[in-house]
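Okay, so chain A shows up in both of these, paired with chain B first and chain C after.
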Partner chain A sequence: MARFSRSERLWAVLLAVSALMVVLAHQMPVLRGFPTALTLPLSEALNAVITPVFEALRPIGRLLSTMIEAPLAAIRAGLAWAPWPATVLGLAMLALYAGGRRLAVFALLALGVVALMGYWPKAMNTLALVLISVPLAVGIGFALGALGHLVPKARAGLIFLLDVMQTWPAFGYLIPLLLMFGFGPAAGLAASVIFSIPPMVRNTMLGLDEVPPAIVESALMAGARPGQLFWQAKVPVAMPQLMVGVNQTTMASLSMVIIIAIIGGFNDIGWEVLSAMRAAELGRSLGAGLVIVLIAVLLDRITRGFAGRRRGVAPRWLGPGLMAALVLALLLPGEALLPDEEGQRWLRRLDAWLLGFVAWSAPVFAVLRNAITYGVMLPMRLGFSGAASPMVWGFALSAPVTLTYIAVSLGGVVALGCRAPWRGIGFGFAALVFWTGLPGFPWPGVFLLMGFATWRAGGAGLFALAMGALLLAGVSGLWQPMMQSIYLCAVAVLISFAIGATLGVIAAESDRFSALLRPVSDTLQTMPQFVFLIPALMLFRVGEFTALIAIVLYAVVPPIRYVEHGLRSARADLTEAAVQMGATPWQLLWQVKLPLARGSVRLGLNQTIMAALSMLVIAALVGTRELGQQVYVALSRADAGAGLIAGAVIAAIALVADRLLRAPVA
Partner chain B sequence: MTKKSMNAAVSLLALAAVTCGPALAAGPGAVDEPIRLAMLEWTGAQISARIAGKVLEKAGYKVDYVTAGNYPHFQGLADGDIAASVEIWLNNVGDVYPKVLAEGKVEDIGSLGLTTNEGWIYPKFMEEICPALPSWEALKDPDCVALLATPDTLPNGRFLDYPADWGSRAATIIADNTLPLTAVPSGSEGAQIAELRAASAAKTPLVMMFWAPHFILAEVEVGWVEMPPCKDQSNEHCIMPPDVNKVVWSGFSQKWPAAYEILKAFRFSTEDQQQMMLAIDEKGQSLDAVTTEWVAANEATWRPWLDQALN
Partner chain C sequence: MVSESIMLSCRALWKVFGPRPGYYFDTSGYRIDPEALVTRLRQEGHIPAVADATFDVRKGEIFVIMGLSGSGKSTLVRCLSRLLDIEHGVLEFEGRDLSRVSGRELTEIRRRKMGMVFQSFGLMPHLTALENVALPLKLQGMARAPREARARKMLELVELASREDALPAQLSGGQQQRVGIARSLAPDPELWFLDEPFSALDPLIRRQMQDEFLRLQRQLKKTIIFITHDIMEACRLADRIALMQGGRIIQIGTPADILLKPADDYVASFTAEVALSRAIRVRDLAQPGAAEGPPVAPEALLETLLADLASGRQRFPVQGQPGQVLEADAVLAVLRRDAGGG
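And now, the complex of A and B:
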């Protein structure tokens, strides 16, 4: 018999208590769902408080929005005035300056495609939005980052704030922003700035912190005043890291283009994606999505080019190219040159192909959908006790079946627990969850287990956060949607991580596969996820399964990236030693490389969870019953309080999951 | 505010507008300031907005078109950031619209004149596999229900409902008639259209809540279920064709008096709208070209609106 450590003993007791609750829950319905008697009209109360606050903030909001709209209109008018060949050439020259000849050619091709597809004016409107929101986010982010660097006391609070800003779904706070800024691009821009500040802050703090002490000291020796030390010594040294921040901020702000379009008022590419989604037109939405991907990749490479650029001479073609762009701009008429509707017609043909494919492949996909629904989703949602019915699995939950389940579970716990108590306890919890289904797990048990886990992993702060979130969800009547969200995300994370990690392992072994995979990953991450919903809907119909597919398509990218990165940067001397000792490739992978890459793999898992949670609101568009749907409903009812509460619960789930994964294993 | 009482309020307002009578021969007002018209997400509303805009331009006004989300744009209308929205489906206005209407920040200026329909539809091929269709009795037939069943709804058939936030009565009507169906919320309009397209292409059975006029009905052949008798005539137990009205910002009539009269007179037929939708969505013609063509061909329709307002 293995000896139990203290924490193992505690977990064993928790397992026993949970098992008791599960048994009792069959007799006492009050244990199953959070009791409705305990719910309070929280969202009404919140509305009563925040509506006047935001109404009072209106004059400031209106002032800000006029201040933003003037330069926005100017940029927009300038981009609309310039004939597209001139703009393309000008941007290509910028690319040449930042990243060399290959990037310039890419810029020419990418922007040419945008123009040919007939999206040029909308793409320019999007570019105008990005050109306004990025400098704002970079400016505010730099200031906050500098604050965090100079005032270490403010740092903990700042980092928590950044985490909240990145995990709180923007849909959840659009209504208060709309109240404050009024209808128009300003409200959407504010949401975009809120979401894209954090990477700038983090990179600013990192860059300033890592300035070598020798440089600081020599500046002090030279008699630099604090201002000089900061601006003339630290900032220039930290510049490459700051540029990484600019790059990440640009990407984040592009990903918010769709959110701005939800409000509307700007006739940009995001609006086009939403309109196409509304009409369920794959061709149009794919075209518009491709425009966003191309702009994202181009801006990414250009800003990255500036981040890594050494000061040097300008390329030879730069001067003549810019001159040519200027001449074109003055000579050519602006709007008359736009290509006609041919590109759009061509995109529409895609829809006919898709329908043909759907008609042809429907039986195959029906089998796949049914297999995963019956085999994975229904058991996870209803549990064994719910799925074992003639309707789902074809047999009833009779006494012998129940007894067999109990016997197998107990047997598993004892057999595994004898060798290593951890495994036995883990198996016991798995058997319990599999019996009830995740959403049906007794709610006091969820409080108990989460409370214990967060206390051990993160102390009082994390404990308070987790308990607060659970209580908030329960009291505001969101317990069931919350458990549904956790269940949907859990299934999605399991599938994404399994597929993504496998692809990452293969990519780490084969350079060619890695090169093939990279553009696919880039596209999956920057393409607005709405685009994937249309084919998924046609193949798998409205419901959780389609939501699952959409979430997996987005959340599969982080494990690919992090696992590949981790395996590739495994220390060469250690893998070499293993090969010398005669390890097979399989042993090398499992026993040397993966353990070495543990940190990176864990970060990948963390990012998978974040990605899955961030997709919940979008998944609501295909008819789910989770928190994302609540946020969405609140948005359309303009119920600011309900949106904020559902958003807060999503953010809290993300934060708790993040902290639990980051903590060292107990 | 419930839908019914809201509809009542709307019709009262319309009545008041009629009895007070239009102030004839109004001045044009601020012709230099553009009238900002809402361009909502769907093609029908964009056609209506463009035509209203082009008619206003004929009267000498400047017009800006503002793309706007359906729910957020009520806030814009209330604040005057958007001056008018000419195709508002009163069955889908969320909670902001009734509020700003009650506060007097927006003004309902009457019906657009579209003949609308709302009800349960199915792809036409289903009449072969459920011969009792279009009668609602078909949805009681176990064989037909079995065809509609999915793992999520077993043993019931699956009924695709409006998105959760639109407030549909389908679940109540299903319960009223003890139909063996489970209503599944669809999440978005796009999801409903995608399902209808796929169902028609792959011949998979489907019954769902829908409305007309809609461009998809020109593309996919559907049948409308003959509904069971309503339990009572309330909005919860009965589906009635929704009203589609024109709404302006409360300051509109002050700022552009003649334009106000024109928009009030502006009416538009379902047939015209449907033909234009087809030209845009199916034949890939541009919105601008199609609406310009209509304005050129239908001067007899819109000229009186202008004459009445300006002379």
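And now, the complex of A and C:
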């Protein structure tokens, strides 16, 4: 018999209590969902406060929005005036300067395709939004990062603020922004700036903190005043890291600018995708999606090129190229040059073909959908007790079935628990959750388990955060949507992690596979989240399953990356020692390399969860029943309070999950 | 060449790392036994990195601070240049109380009077060799043309004129350190700090750099505070050596003092490996007397006399110092200690 440690004993008691609750819940409905008697009209109360406050802020908002809109209008006008061949050439020269000849050729081709498909003005509108929001985000982010670097006391608060900014879904605070700025690009821009500041702040702090002490001291000894030390020593030395920040901020900004198109009114490429999807025009939505991908990859490579650039080498073609662009801009007539509807017509013709493909491939994808729906989603949602019905699994939950389930569960707990208590306890919880389904798990049990886990892993602060979020969700009537969010996220993480980790393991073993996989995951990672909806929607139409596919597509990259990295950096002397002891490749993987890569794998899991949660809100656009949908509904009803509450719950879930997974294992 | 006037002087200097170092020194008239305070600091979780350091550095002298890793050398020199604030003690530079000057004055002193070379070079990776050397002048606000002219001259001095456009990453370790030396010399400082400048270099280059350093010093005649953990390097370069252990200075003296009259067993064990004939010079053993024959230079190492000793000479007159002689017996006594393993 294995010996129980203190925390194992506690968890065993919790398991017993939870099991009791699950049994009782069959008799007492009060235990199942958060009682409606306890809900309060929180969102109304919040609205009563928020609406006047943000309307009072409107003069400031209007001032800010005129300040933003003037340069925005100028950039838009400039981009609209310049004939597209000149702009393409100019951007290609920028690419040449940043990343060399190959990038320049890519820029020429990519932008040429955009123009020929007939998306040029819309793409330029999106670019204008990015060109406004990136400098703002970079400027504010740099200032905040410098503050965090120079004033260590401000740092803890700043980091928490950044976490909240990154995890709070933008739709959730869009309504207050709309109240403040009024309808128009300013509100969207503000949301995009808020969302894209954090990477700049983090990279600024990292870069400035990591300036070697010898550099700082040598600058001081050279007689640098504080200002000179900062601008002439620290900032230039941190520049590569700052450029990484610019790159990440640009990508975040692009992603958000496209999503924010949902509020409309700005004829950009995000709006184009949205309206094409609503009209079920597959060709156009694919075309617009391709434009987004091309722009994203181009912006990514250019900004990354600046991060890695060696100073002082200007390519030979740069001068003549820029001159040519200028001459073209002055000689050619502007808008008249745009290609006619040919590209669009071509895309419409694609529609029929795509519809044919979807119809033809439907049986194959139906198998996939049914397998996942009946094999994973329904059991996770309804639990064994719900899924064991003639409608779902084709058999009823009769007494013998129930008894068998209980017997198997108990047997598993005892058998595994004898070898190692942890496994038994884990199996017990899995059996309980599998019985009720995640959303149906008794709510006091959720409070109890979360409270215990957060207290042990993160102390009072994390405990308060988790309990506050659960209470907020319950009291504002969002218990079911919250549990649905957790369930959908859990399924998505399960699938993404299973696929991603497998790919990562293969990539770590095979250089060739790794080389094949890398550009794919690079591209997936630079794509704005919105794009993932397009193929999912095309193949599966609206519904939870489609949302799941979109989330999985987005969240599959982190596990690939981290697992491969962890396995590849497993220390060579240890693996050699294991091989020398006669380990088979399989044993080597499971018993040596994976345990060694544990930290990296955990970080990968963490990143998968974060990616899934952030995609949840966007996936809600294709029809789900969880918090993301609540945020979206609140947005369409202009209900600021409801949006903020649902957003806060999502942010809190993300923060708690992040902290729990980062805490050292008990 | 070492004058009698004092450039830098410190009295009872303390630097402590830990949660609340100020606590132990808040009374102005602290007068307890340093040994006891060090013990107490250690017990209460503090690191006394510099404890009760007292010494003077004379104008034109090469003052070497030596000790094992972690003995507090870097901390001491950072206190002297005020990169770190001291907890207690008096620090005077050319008669001014350095621990009380304002930030602006301190910057001014660093700009005009101090130069420092770092163990890890501390070159700006984004600037070329020339720009790195010109940086202190740029910070002072000197115009581009004169500062680049001056920087070029400094690079010539360290024989790197041909690589002025190279970035630090494109230079070898020895070359980078030469840039660091040129940079620290660019504003023509009076006091020159060198914190283990050659430790990161391999032995051959190190030797070469030491020779170059001595050549430079003969030309420039700076006041130098030089840090090293290498006793051979210390003996080659120093006018005087201060030996540190666990934050305390345990002996100050000329290389010969340290080698021939170690203050305690720790110092003796430190110097045990040194071949005395390669570290002791003629002037260290000279005594009054008269002798015939070709004279020997006062700074000549004993090992250069081996051939003469073998031919049976008993006395050597010391060059330029009438009335001083070197007795062969004294030399033989030293050689015997070498042979006896210390």
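The definition used in the following text is that the second predicted complex is superposed on the first by the 605 of 666 C-alpha atoms of A that agree within 3 Å, B and C clash if a C-alpha of one lies under 4 Å from a C-alpha of the other, contacts with A are read in each partner's own complex, and residues count from 1 in each chain.
Definition applied: a contact is a pair of C-beta atoms (placed from the backbone, for glycine too) under 8 Å apart; a residue touches a chain by one contact, two chains touch by 3 or more.
Only a predicted model underlies this, so the values are computations on that prediction, with no experimental measurement involved.
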Using the superposition on chain A described above, determine whether A:A280 touches chain B (first), chain C (second), both, or neither. first
With both complexes superposed on chain A, which partner does A:P400 reach: first (chain B), second (chain C), both or neither? neither
For A:G582 in the superposed arrangement: first (chain B), second (chain C), both or neither? neither
Does the superposition put A:V633 against chain B (first), chain C (second), both, or neither? first
With the two complexes superposed on chain A, say which partner A:I263 touches: chain B (first), chain C (second), both, or neither. first
Quick one: chain B or chain C, who's touching more of chain A? B
Touching chain C in the complex, chain A uses residues 212, 214-215, 217-225, 228, 232-233, 236-237, 239, 311
Report the residues of chain A in contact with chain B in the complex, numbered from low to high. 174, 178-179, 182-184, 261-267, 271, 274-275, 277-280, 341, 344-345, 348, 355-356, 358-359, 362, 366, 370, 373-374, 378, 391-392, 533-534, 537-539, 541-544, 620-625, 629, 632-633, 635-639
Please give the residue numbers of chain B that touch chain A in the complex, ascending. 39, 41-43, 65-69, 71-77, 79, 81-82, 94-96, 150-152, 154-155, 160, 163-165, 184-195, 197-198, 201-204, 215, 281, 284-286
What residues on chain C touch chain A, complex-wise? 78, 81, 83, 104, 107-108, 110-112, 114-116, 118-127, 135-136, 138-140, 167, 180, 183-184, 187, 193
